[in-house]
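Shown next, in structure tokens, is the structure this report addresses.
Note that the chains are named A, B and C in the order they appear, and that numbering of residues resets to 1 at the start of each chain.
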């Protein structure tokens, strides 16, 4: 039924995408992107190279290619979000996909519809890919079991936020003085590690990149990570990470400091001191930044509580790459949608579907 | 001002639509679709044939035709909805219409704006067609009196949900063993008939199709339908329906069983027993399904309360056509938008508008 | 990187727009549209002429031109709105811009994200223009300080609603018996002046047009405007306005009467009598309309409380141009987006950006 059949869909995925994306050495083999624990380093490199190609697209006066024309992308968010939702929406539209937004607050989920029923319905409505955010850790895995297309995890509970970790990695590689190789470079994640899906996904990608990773926060918010650190230290070829509540030790000579958002609602649980005390003890201030390497990068996944986990003057500091993270996010998500569509097309071809 | 003027709009409605849609015998004469009581059987057949053509479009790698290019479709929903809202949105976009979504919760209706004022405003903003859902029965009729374009009722109170009934009919015809003719076939609608706009619209189309229609539910939820049944039995040429609270008698030898959603909020009104008791007395279980014909179809308009009105294993049973209903919904709504746009164009042509 | 560089963006702004828009005498010099106080009369005339061209576009069977292809327009509304939000969305899509909707209720602002952080993020996500509504007066000014593109104020607190004032002016000019010149014509704004951004922006444009402007409402809702009136009366070449609570004096021999929406929530503040008393003392009734000139225009920015600030029969009176205001709103906003995009493009060209 189609003339161009490189992948069995009749969609010409390469259309308009710079050849650097297609000429990449590795091959993307995953139908879903649920977390980075199962993504190999060559595959991460492939995402990085494909993102380079997508940045070329974004630099054009009309930043649009027809690669995903005819592909239905549903953005199904059970939690409020501006940046991640819009980032995926812009990415999908730049690739000419047909985008549908479903926000939990205005959907049937308020009627008690089950997640699985919703996923089956969204598929029957024509979705080839679902970008999903859910307050429950693991929800995208359940969705993937019942969906014939590709699930992209846009954040699930405390568990994972893989596209965020990939845009963080891409941003670090693009700005790190001395080149993109992260081997042995000191990267600090500072804040509420316990409740952070951003931290968890970054642990996979940054240890895979060989970084000297430090996780720093109140000891109540580091619980359980010691066992993870010990388990990884025992695996040959895997990176390591250090846990500490000593912010001075953490930021000293750091190459990268990533401050995490403090969720104000954690206060009531007694896990955190007051916001003011948190800011004094763990906030990323100019004084603390001065302990890092002179050209250290400042990062934050947003949205920021300026004056709490990050001082306003640090947020807009010349070393801050926080807005670069946002811009790179669109390019990384274009790359992910593109690679997953290719893998899904190959999967359909293999099964004759 | 236009070169192609088959219907006075300058829009080439046939563009990209398979000829089977245009070559249909009957002609669609309604500007609005408010309910099925005024739609003749040949017109329903025309919807079915046009839906066949739209399914051909949906099977293409890029499921898009330019038939409604330049037509503004506003989806104005005063009640939360995933499937119906997205179904109409995808349908309208597949026909290349310009789609605007207005959800009541984020609109001026929270400021006390009247429905008529909103309809006039939506028209002045450029809408040619409004797909409307409203909690008040009859609201689309009021809208139709004040709108110069076409109103499609996407569900009003307990009253009507005509596109749902048409997709139900299309799904039955496509899956019924022995062919699409419903004459004398036993169709059961099971559940809260009283509050169901789905049931009411299905009564019109299924009796028009000549089905042996059974409505089954707690007697408190069948009130008033006896008079409707008696009135229809007195009209020559009109189908009949049977009311019962005996679920065994209803499902025995059925060709089709359609379970309706139980609205949990009805419990508080005292009209329904507890959910557990309801499930025991009226839920569509495997045991009850076993009483129907061996190839009976299982249907549900969604969203489902699995374990209440339908057992989880029945929802995904090989005889279940519930996801087919969703997919057919997109095609049926494409057909309806297409036919209404054609009728509206002819009306404008006739009045020189 | 582009072939067509009239403005440094590579976007051909004139594409598809009737030449009358490009051939206008004045030049639009503002990157942002925050309020009308800094917009000169020749610039307002330019908006009027460009709107004429956009109305030509709207009259086409397919009301779409590629002028803003490749331009990202984000509609960022912190307050609920139907007409203004949809009006800008339709306007931007008619110009082929890439539109993203962000409603505050479903965005990170519920997480306490600061406005400035949001604006920086929206820019990094690819927005060239932001249409913004905010409950706080002055918020768009803060946004403009941190945004590299263009801010269009879609209403901020009690302060300003410039696109509304421009569509009001365009509507008056198009319907006023005796031609578009407003010099010396009596225009009455009737209602809750104190809390009205519509009134404030209209004061700038209507006095600039030379109208004999009257502001009429309960004296509690005129507070502070006497000093503004005195200040403007002292400025040579500036129009004047009269304050009164005498509705009979205000509407007598009026050429235009614009009724303002009464916000029901003002009642609790003690600034207003009951709705019934307000309707009796200040509502625009047929009796009061009869005091105006025989062909006086009736206007309302919507949404209306029919029976409160305007009688239902006046809202749909032959002299009412209320739905024309809505339709003109789309054309005026197309003109504004078009002019601002041109100015932003020239600014980028000048700075080599």
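What to note about this one:
Following the convention adopted for this analysis, a residue touches a chain if its C-beta (ideal position, glycine included) is under 8 Å from a C-beta of that chain, and two chains touch if they have at least 3 such contacts.
The structure presented is a predicted model; accordingly, all values stated were derived computationally and were not measured.
Contact with chain A and chain B alike is made by C.
Where chain A touches chain C, under half of the residue numbers in use are shared by the two copies, so each contributes mostly different positions. Averaging C-alpha coordinates per chain places the centre of chain A 40 Å away from that of chain C. With touch defined as above, residues shared between interfaces to two or more other chains in chain C number as follows: 105-106. Put simply, chain A touches chain B in their complex at residues 1-2, 9-11, 69-70, 72, 74, 98, 100, 102, 105-114, 117-118, 120-126. Within the complex formed with chain B, the chain C residues making contact are 58-64, 80-83, 86-87, 89-90, 93, 103, 105-106, 261, 264, 302-306, 315, 323-327, 329-330.
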